[in-house]
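Note that the chains are named A, B, C and D in the order they appear, and that numbering of residues resets to 1 at the start of each chain.
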Amino acid sequence: MSPSPASIPPAPADAGAPLYLERNYLNARRGLWSWLTTLDHKRIGVMYLVLTSAALFLGGIFAMLLRIELLTPGPTIMSALAYNRTFTLHGVVMIFLFMIPAIPGIFGNFFLPLMIGARDVAFPRLNLLSVYLYLTGAAIALYGMIHGGADTGWTFYTPYSTTTVTMVWPILLGAFVLGMGSIVTGLNFIVTVHTLRAPGIGFMRMPLFVWALYATSIIQVLATPVLGITLLLVAVENVFGFGIFDPARGGDPVLFQHMFWFYSHPAVYIMILPAMGAITEVLSAFARKNTFGYRAVAFSSLGIAFVGFFTWGHHLFTSGQSTVDAGIFGVLSMFVGIFTAIKIFNWTATLYRGSIAIRTPFIYVIAFLFFLLFGGMTGIALATVALDVHWQDTYFVVAHFHFIMVGGTVAGFLAALTYWWPKMFGKSYSERWGIVGATLIFLGFNFTFIPQFLLGNEGMPRRYYSYPVRFWPLNVASTAGASVLALGFLVVLATLLLSLKYGKPAGPNPWGSRGYEWKTLSPPPEGNFLTQPTYPRMPHDYDDLNPGRGGH
Amino acid sequence: MPAAESHVAHHFPDLEVQSHAARLGMWLFLATEVLLFGGLFTAYALYRMLYPSAFHGASRLIETSMGALNTVVLITSSLTVALAFHYSRQSRNRLAALLLVATIGLGFVFLGVKAVEYAHHFREGHLPGRFYRYAGLQVPGASMFFTVYFLMTGLHGIHVIIGMGVLTWLAVGAWRGSYGGDYTTPIELGGMYWHLVDLIWIFLFPLLYLI
Amino acid sequence: MSAETEHKHAGPGRYVAVWIALLLFTALTVALGRSHLAGSWGLPVALAIAVVKSTLVVLFFMHLWDHGGANRLVLATALVFVALLIGLVLLDSATRFPLADPPTEATMRLMPPGPGAPPGVEPAAARP
Amino acid sequence: MNELMRRMLFLPEQGSAYARQVDRLHYFVISMTMVGFVGVAATVLWFVIRYRRRAEGEPTPTIEPRPIHEVLFVGGPLALFLVWFAIGYPLYVRLQTPPRDAMDVYVMGKKWMWKFAYPGGPNDMDDLHVPAGRPVRLLITSRDVIHSFYMPAFRLKQDAVPGRYAETWFQADKPGRYEIFCAEYCGLGHSAMLGTLVVMEPEKFDAWMTEARRSPAVAAAQDTPDAAANPVATLARQGRNLAVEYGCMKCHSVDGTRHIGPSWLDLYLRKEPLEGGGTVVADEGYLTESMMDPGAKVVKGFAPVMPTFQGRIPGPEVAAIVEFIKTLRTDAVHPAPTPGRAYEPVPGFDPTRSR
């Protein structure tokens, strides 16, 4: 079932290219040391792939433990303290170790230079540093986990986080270091986009994934420092008791929430924007169409990045925030919805009169569209201030953000992974098992999280260890769905790993895509290109396939 | 200039693009620093709004003349580091190195003055949060002023120390003639960092000492 | 060294002139702060002077005068974001139900009796 | 229609006019969401089926949008979302502005219970008594960390932040009992921090209040219908409140978690090995002795760090705390029995069995 290169008309650049480049970036240098000290953005991307996938696996184990604990209303497999620690670790691992670094770290590093015809990112050493910051942050956080872990929730709300006796500071410090890694990546991407575009690639001809990464990087650079200082203040308060958020000394716990969400709301867009960018690429490739409304999609990424900064107050509607601020943040939250709507409509329009190949990555695109649509609409419903009062801190919110993050980001991540896998490793995976995995994930996801919307409506607050018995049936449904979801992930993992050994060579362009990154060989050589490609057309321009418009 | 060409990394077309990239990267880094301090400025602004007279009273407890002296010291150090960059461009490396050493010296003066102030606060009990024990001013928010004061000046002090470390490294390089002529990017970036430290202080001084 | 770069980086005279201006502004702000001439405008005036001083540093010491473009945009964006963070936080606190702020000089006398009154607060009136 | 939608969406019952209004908005928003979702999803599916690839190398046209497309893409949702906001925001403002004639109740959250105080009247734990048909303003604060006062039936939630008061209000329709949850994560007992809203007929409420003003302790005991029949339950409940009051929970968990001191779960009549050999059965005598002279018999594996409570806890209160410990059994889901619960019991997990 692997795509046969012969039946797809090769893009002009592919003609005469070898099916599998024997001496490529993976084997040009050998030995562990060459990996640990590599400055090659592609190898750094692969390192991120290994690290963040491990984090996803770890976070997934925590998630399953949580769902099993919630299978019955009373205690099931663990104590309340263990439960509190588990959901904290689930959040911290998934958000700081997987969601935020994954797509920029893996696909951004690997493909951003390829997509703008550059030989590397602007600062390769900083790029390697970001991997080590990731490892350091993860190690510090892991140290905290082994020594019991925090029980604060990933939001670290004061005064709980400053008074709890559990190990909070390693988690805070770990998140701080991970944030530094995130800043370095973002800074690197912005400078790369500004200075290293190949001749012919103007700002308005960059692939849309690059636009999404650019917008993401702006958020990373401008929001992460505020998280840094906030976590630092909590750590100082936890260890020394300076009283900055301590109500007994005149401090204001709500100030913490303002500062925390000033980062953590835009962080949602750090997670979802790169996924949106990847989806744009995959969708165009499999519909074999130019992206409808290139400018609108590109600018909506920037719009999300900027407006997304000023919606943080919608996390504080029930915190005692003023009605005036609630109104401002409520309206601004609506505007973020508009930018997402622009993307969804343009994606849909891209499909119109396309030639749609239903392959594994495209199934993830469809899943992504559904999840983002539903998650986004419920997000707007949540921003409708009066409704939020009922839903705030209930399972409705849990379901909403899992729709965006698991449904959106993870589906985007898997779409990108299955789309670019042949380019990264030069091998094609089993299409049949790819589709099985994608279907299991789609179904399992819906079974896990749709019941949680209803639980939220019923009024079940989040982070509940035990619950009144009327919430029981829906919790059972959710846990059952989660096991299907977990099975789906295992199928995907096995399919991809087996392809490395048994997969056929994929060829330089197995999907017949006109994205700029497919102009090089699979896997790419060490310096990205054997000869510098030229960029005479927009990305994903399939116009030359038209009989009347032949040539290029 | 072949000597300068060797400083161009393989993925940059020429030195000009590379210095442009380095400068833009540095500005982005400085933007993160601005937002890092922005969090503390937010805390300051909120608590000052909530406790205006406590902040006013507590601000009297810190010595304006010390702050003014430190402002002059930092402004002067900014001048020396700017001149170091200027002479480095003219390849007068020894002079540039000496100016960098002067900057580091001024950094030590700044830290010395700060240490004298801190020692005074420790003696008097002008301390943050639960450590506050100054009997002369017991109103809600007084300890909060010192919480903010110590956090802001402390974080700023850490930046001064880091900046001095960077400048030491640059001074050694300048003395050895590693920079000069068209290749002065490290001194330029190090200088920008030092100017930012100055910049933050320009705001800390009126907010903490002059209210 | 090309003539063009020589032109872009003016001589030490400019640096010294900026330094003197900065010293003068420092003296001015200290004098105003000490004498309380500005009254309730003390803080805005001091901040305005600080803004002028920092503009000088940014433009001439940090060469934003010469290297504009994206660099200026980066700094401006950062400043706008800080301003909005501070602005919206202050707006929240200023427009709240008064007792929803931490007990401050202004709201302490409004603190109702009953449980949970913060330590050291002597409650008075029941209703604001 | 209301009832149908409410049940379809799994919403709890509506305790007030405000709840009904919020639900109407809810139905509107969810219907619009569904229409939008189904519309776009159906279009996507239709395109995928209609334009699926039938042959390799199929030509596709290059289509660029006209400005009107993007204007529609922006304008449509913007108009819809602003309508939602325009309806939702005034409702929120209404929730934030209590009427002038509202009755005040002070609410204090602490780990892990709700305490209610009426001006010039009694304090009460866990049960909030209000009259039907009269507006009630809640002034909510917290003793320790942030809690959130949540009554699903009233679509009402307000965080309890330490050191300050938040306000919110409601007006219950008719007498009944409703759930109170803590919605902001607050530690081990977060999910057990349950309370009950008791809405009474106005006359009954007034009578209750008069009684309560005369003798707070009697009222606290009499407010529950089964109190007279089951004095032990009331005693255990007092004990739980006292245990929180005296800070026992800082070192002893009630859910089996090992903390600084032994957990109280299943402690009663447990055989404990002692530091320095020997065992002791944790009966009433040993529990009392541990409070008065903690160093005498320390359970193996724990440090002798507990302070003595000799002279700090009056005798009846010691008895109440012991009664509370006796109710802590594995088969009780909630750390303390809530008399007159608003919750259905867990089958096979009847907490009343331990009384």
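FYI, a contact is a pair of C-beta atoms (placed from the backbone, for glycine too) under 8 Å apart; a residue touches a chain by one contact, two chains touch by 3 or more.
What you are looking at is a predicted structure, and each value in this text was computed from that prediction instead of being measured.
Undergrad: Among the remaining chains, which ones contact both subunit B and subunit D?
TA: The shared contacts of subunit B and subunit D, listed by label, come to A, C.
Undergrad: Using Cα averages as centroids, what's the distance between subunit A and subunit C in whole Å?
TA: Chain centres of subunit A and subunit C, defined by C-alpha means, are spaced 36 Å apart.
Undergrad: At what distance in angstrom does the C-alpha mean of subunit C lie from that of subunit B?
TA: 16
Undergrad: Centroid of subunit A to centroid of subunit D, CA atoms only: how many Å?
TA: 34
Undergrad: At least two other chains touched by the same residue of subunit B: list those residues.
TA: Residues 24, 28, 31, 35, 38-39, 42, 46, 50-51, 140-141 of subunit B touch two or more partner chains.
Undergrad: Please output the residue numbers of subunit C that touch at least 2 other chains, ranges allowed.
TA: 70, 77-78, 81, 85, 89, 93-94, 97, 100-104, 118
Undergrad: Got the subunit D residues that touch at least 2 other chains?
TA: Where subunit D meets two or more other chains at a single residue, that happens at 96, 161-164, 166.
Undergrad: Every touching chain pair, please?
TA: Pairwise, the chains that meet the contact rule are A-B, A-C, A-D, B-C, C-D.
Undergrad: Give the list of subunit A residues in touch with subunit C in this complex.
TA: 194, 218, 222, 226, 247-248, 250-252, 254-255, 258-259, 262, 309-310, 313, 316, 320-325, 328-329
Undergrad: Over in the complex, which subunit C residues touch subunit B? Could you list them?
TA: These residues of subunit C touch subunit B: 1, 5, 9, 11-12, 15-16, 18-19, 22-23, 26, 29-30, 32-34, 42-43, 46-47, 49-50, 53-54, 57-58, 60-63, 67, 70-71, 74-75, 77-79, 81-82, 85-86, 89-90, 93-94, 101-105, 108, 120.
Undergrad: Which stretch or stretches of subunit C touch subunit D in the complex?
TA: 97, 99-103, 111-116, 118, 126-127
Undergrad: Of all residues in subunit D, which touch subunit A in the complex?
TA: 9-12, 22, 25-26, 29-30, 33, 36-37, 40-41, 43-44, 47-48, 51-54, 56-65, 69-70, 73-74, 76-78, 81-82, 84-85, 87-89, 91-93, 95-96, 144-146, 148, 150, 152-153, 155-159, 161-164, 166, 179, 181-192, 194, 253, 255-257, 330, 333-334, 343-347, 349
Undergrad: Quick check on the complex: what are the subunit B residues that touch subunit A?
TA: Residue positions touching the partner: 9-12, 17, 20-21, 24-25, 28-29, 31-33, 35-40, 42-43, 46-47, 50-51, 128-131, 140-141, 143-144, 147-148, 150-151.
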